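First chain A sits with chain B, and in the next complex the same chain sits with chain C.
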Partner chain A sequence: MALAQRKPLNLEKFKIPRGRVIIFEELCKGCELCIEYCPKQILELSEDYNERGYHYPVLKSGMEDECIYCLFCQEVCPDFAIFSEKVEGEGHG
Partner chain B sequence: MQIKKEHPLERLLRRERMPHILCTGCGIGTTMANLVEALEEGEFDLDKISVVSGIGCAGRVAGYLNLDGFHTTHGRPIAFATGLKLTNPDLTVIVFSGDGDLAAIGGNHLIHAARRNIDIKVICINNFTYGMTGGQLGPTTPSGTWSSTSVYGNYEIPFNLPYLLCACGATYVARWTSAHAHHIKNSIIEAMHHKGFSFIEVISACPVYWGRKNKLRTGKDMVKFFLEHTEIKRHPDPRDALIQMGTPILCGVFVNEKRPDYLDMMKAQLSKKLGISEFRGDGKVTLPEEEKKVVSEMRPPKEIKLTQIKLAGLGGQGIALLGLIMGRAASIFEGYSTVYTQEYGPEARGGASSSGLIISSRAVNMPYTTAPDILVIMAQGAFRKYRKDIRENSIIFIDKDLVRPKNIPNSVKVYAIPATRMAEKLGRALVANIVMLGFFTAITPYFSVESAEKAVKMSVPKGTEEFNLTAFKEGYEYGRQYGRA
Partner chain C sequence: MRVGVFICHCGRNIASVVDVHWLKNEAAKLKNVVFCEDYIYLCSEPGQKFICEKIKELNLTHIIVAACTPSLHGETFSRTLESAGLNRYLLEIANIREQCSWVHQNTPKIATKKALKLIEAALAKLTYAKPLTPLRVPMIRKALVIGGGIAGIQAALDIANGGFEVYLVEKEPSLGGHMAQLSETFPTLDCSSCILTPKMVEVAHHKNIHLFTYAEVKNIEGTVGNFEVTILKKPRYVWEDKCTGCNDCVDVCPVIVPNEFDQGLGARKAIYIPFPQAVPLVYTIDLENCLNSKKLIVCENCFKACGPRAIDFLMEEEEVKIKVGAIIVATGYDLIPLEALPEYGGGRYQDVITSLDLERLLSPSGPTGGVIRRPSDGKIPKSIVFIQCAGSRDPEHGRPYCSKICCMYTAKHALLYKHAVPEGKVYIFYIDIRAAGKRYEEFVQRIVEEERVLYLRGKVSKVFRKNEKLVVLGVDTLTGRTVEIETDMVVVAPAIISNNGGKALAQILKTPIDEFGFFTEIHPKLRPVESPAIGIYLAGAAQSPKDISESVAQASAAASKVLALFSQKRIALEPIKAEVDVKLCKGCGICVKTCPFGAIKIIKKKKKKYAQVSKAVCQGCGSCMGACKFRAINVAHFTLKQLFSQVDALLEG
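Now for the complex of A and B:
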């Protein structure tokens, strides 16, 4: 138990970065890779269709500020349709 | 409310060509994204990078990246890349292509480029199938899986590409799957800094063809399959890298070693033999600027109207050379504009052979002779073939013994000379064409004797000039009897 309670002394210094997800709906082909990869699971498939008839990812309601700027979605997206932007100065506690 | 912003990788993409043709869930898109991320993250000089790709789905990538690139013929991206690298060693050349392109049709280029250790970076998309043409069996389709041309299951053993490349001498060999996005990126950066032949195999999802036939219908399913069925090792043995269903796909960096590359070896060898110390691409060699030679424009001596000449005979009679000499005499030594073409069959001797020449005092805008005004015919077969081109007031030159003109309009002027017989008397039947040239020179006004003699000297093999000039004079004297046309 003692082991589990150990924490770094300078933990307060570190902040998990925050990001803002930006999605180009019209470029999406609905492969769902970003939804699969997102470690915080903040994306889901939209009800709506885009111009070409694909469902595109949207942020789950209430989780708009949960992005941790890991850039996984940007790395896996085959269509360059999603990216995350760092929100400076803010962080998840 | 979405705020429309620019994608951070926008400057590396050609958005006007997007959305790309790749299917939903295709692994090529992810690999391309990782390549772009790697170039961005590694802060490489984009002016010094070029992408070469072949044919197939993966071959489209060169067109989507905003980098200099080649979209080459099927299977040949490595051949193009080799040329590019050797011509401009300052460039970093990336080959981005598929398994069918690189390992099947271009297999020989791949193994020899690896053997020579040419400093190019090859990213091979291995999606187990020929995607663009409908999912046929490829050299990398795993045994026991289905494709549209192996409907009972594939019974062949696929290529073990990392093992093949290691055996051929590649100095950087890695394999990842399209599910390992981050690893691909790091591997590309590593390969970009590596000097020597680098090969990164990306096992890529093709949900539409290979996946659909093998119960992995979506890109998501394939990514999950890859993540579950791969084994990443620190120093994997390429001998275990054969992809079989039921055993994990071995991933990792198989080889990363230093060996002098092709250019280094070449320079070391040539410096010793030729005493050269500086080569192009060393970053210190400046080529001397060539002085521009002022060429005085030659005025044609007199106005003549455009004349089309057709020369025809059998292969071996020197028809092509005759046309060439006439063209040289008229253009180089007289200053007319000429166009010269030749056509011949695959036989070296005896087949049909012809050449065409157009002479004019103005610029010639025709690529080849269409309606000849003058025909030079040295064989009966050629006469039959070009009989239809003989019109009213045409002029034809024939070899008296070999050609019997029949069914020609009365207005046609026929100049006949026993050229072959005269050549034989001189010693060699070979110079019949030169005899004909002399005859032609005597009768037509297109070039002078001096010009024709200069052109003969310039065109015949060294040491035979005198003999050819004798033949020329024989023909010329014979022609003098006719007087100028």
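Now for the complex of A and C:
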């Protein structure tokens, strides 16, 4: 079995940090930096418009629990429109 | 010039083909020959004494020995000359064994004539021989050990304890090599880490050892006594001097990947140590899997968690230049990958694993905490079929050799499995059991008799899946019957192969490897730890499959060779070196390009450009001599004049 294809037997021992993404859609002006840079690629552009007429980021469906709490979105957002909140009791890999 | 010719019978090796009496009479007639005699074994003590006495008695000035190849006894007879007060370079050896009697056994007459020709040619060359004195250059009494497995560790410790500095270069993030992956070791069942870890720690703390892990040797120049080595340190993205090994970075790292050290049966993070006892205990970031790349840092979790601020994503690779006098190659081995064994379901079925995979499952610090579990579903197997010689002793696939250690470790595996799962069934397919080592046969017998393990002599033809189980089809050659065994797990013993970076390293070292990629020794029996490149020694499985005790023994042997070399402050080099005739040289530089050792450069003095040879670096190979259009370069002891007259003598008549 090639190394990379194997499923490790001790995955339950490995915890990874988890975050809950919070998006203030009305602050967003649709620059898409967060979408571009999210290392887990869990964000996409909304179909709706916000009050100011922009598309804003939303979590891809099924990826709601995939945030790893790296906070990069928070750092790149020019408008303080996205945050992540640490989820205690971290998830498995 | 008063030449003495001595003709050896080599017992019957030469004398049964070549007519030595006729040869003696004819050789005696040659110009400048004042004495000629034949003798049964010239290499024997009385034989050498005979030569010595004749030199003194008859004032002989030059000697020809017609005997076996100079690579066997050249040194013996050179010393004989010295003991009689002659310069050792006034000797020529006519090889009338390998190049005559052995290859012309069926044509003795022609062989005898050829033997005379070979003596004439030797005489022609000897006519222009000059006495030479060895060069003495200062020796750098520090050693480089390449590879930090048990062999490299042992060699480094022995040299360091002998009082000399050692640079130990290991390409992985930790010392230990394969031994660190093993659970318990045959034949004593010592826990592998328990006996290895203290040695790794000793290396790390030894004041004479400079340890470079996650590093490789990039280039080597120079020769014995004076090697210049460039070491490439790969970036770990963690400063070794700051990291405290606290593990805080690992907890926050969001990336989980299979751990190579656990053969992919366990996981690790993108920032990791390969195993808990790693030395040095310093984390490494695997940038390929890390969310960050060289260009963009998106995740700073580890950076923020690191108290001592050891993490540095901007770290670059670094080159370090060192000088050493001797090198030990201890780069170990690899196993052929499972994918290369499709007949056994390798690469196709998750529960067909290698012996090394099983070591990780057996290891208390392994992914399952020492419980043997099937990779497919994590269940404990109720039966295991072991397949020996998977790829070894298989000339059709280019590996005719025996991998040597598999019989022993399979017996060990059977025992450890039976102790863990007493009701479990074990079947072992083998060709024959090779257990030649101290207490080895007893070990295997104990398993056969006490553990109720079924040894089946024969080969497996096929492994396939049937529901949750694997089916092994084979032939029991003792009963002649085909056997079909349903089992939960199959463990193959893959052929031991040379380490895959070995070839590149051999090129850097300019030292030969054999057709299988293992490093070659100068003489398999009498000089097993020396490579043909002087000053480069071999230790462990880099040379051929070996178990731990053999690897350690050879490592200590190689270290003692280095210590013997270092017992002197200067080193004598063969004076067989290229010499430039400045008058003939035009400074064209062709020799500079031809020299494989970088020993020549063009210099300019008083408006004249010419080539200059660094005698300490030159190996006397003669490439430059052959390339020089102006015949301006000669290699001492093999000058153009000597070689041409030798060839002329062969072609005459």
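What to note about this one:
Heads up, the rule we're going with is that the second predicted complex is superposed on the first by the 79 of 93 C-alpha atoms of A that agree within 3 Å, B and C clash if a C-alpha of one lies under 4 Å from a C-alpha of the other, contacts with A are read in each partner's own complex, and residues count from 1 in each chain.
The rule we apply is simple: a contact is a pair of C-beta atoms (placed from the backbone, for glycine too) under 8 Å apart; a residue touches a chain by one contact, two chains touch by 3 or more.
Owing to the predicted nature of the structure, the values given are computational and were not obtained by experimental measurement.
By the document's definition of touching, of the two partners only chain C reaches A:P39; chain B does not. Using the contact criterion defined above for the overlaid structures, shared-chain residue A:F72 touches chain B and also reaches chain C.
Once the two complexes are laid over each other on the shared chain, residue contacts for A:P17 go to chain C alone; chain B is not touched. In the overlay built on the shared chain, the residue A:L9 is in contact with chain C alone; chain B does not reach it.
Comparing the two complexes, residues 37, 72 of chain A contact chain B in one case and chain C in the other. Within the complex, the chain B residues that touch chain A are 2-5, 7-9, 13, 18-20, 22-30, 32-34, 37, 181-182, 185, 218-220, 223-224.
Note for the complex: chain A touches chain C at residues 1-11, 13-17, 37-40, 68-72, 93. Considering their complex, residues 22-25, 27, 29-33, 36-37, 54, 72, 74-80, 83, 85 of chain A touch chain B. Per the touch definition, chain C reaches chain A in the complex via residues 251-256, 258-260, 262-267, 269, 291, 296, 298-301, 337-339, 347, 350, 352-353, 367-368, 373, 375, 378.
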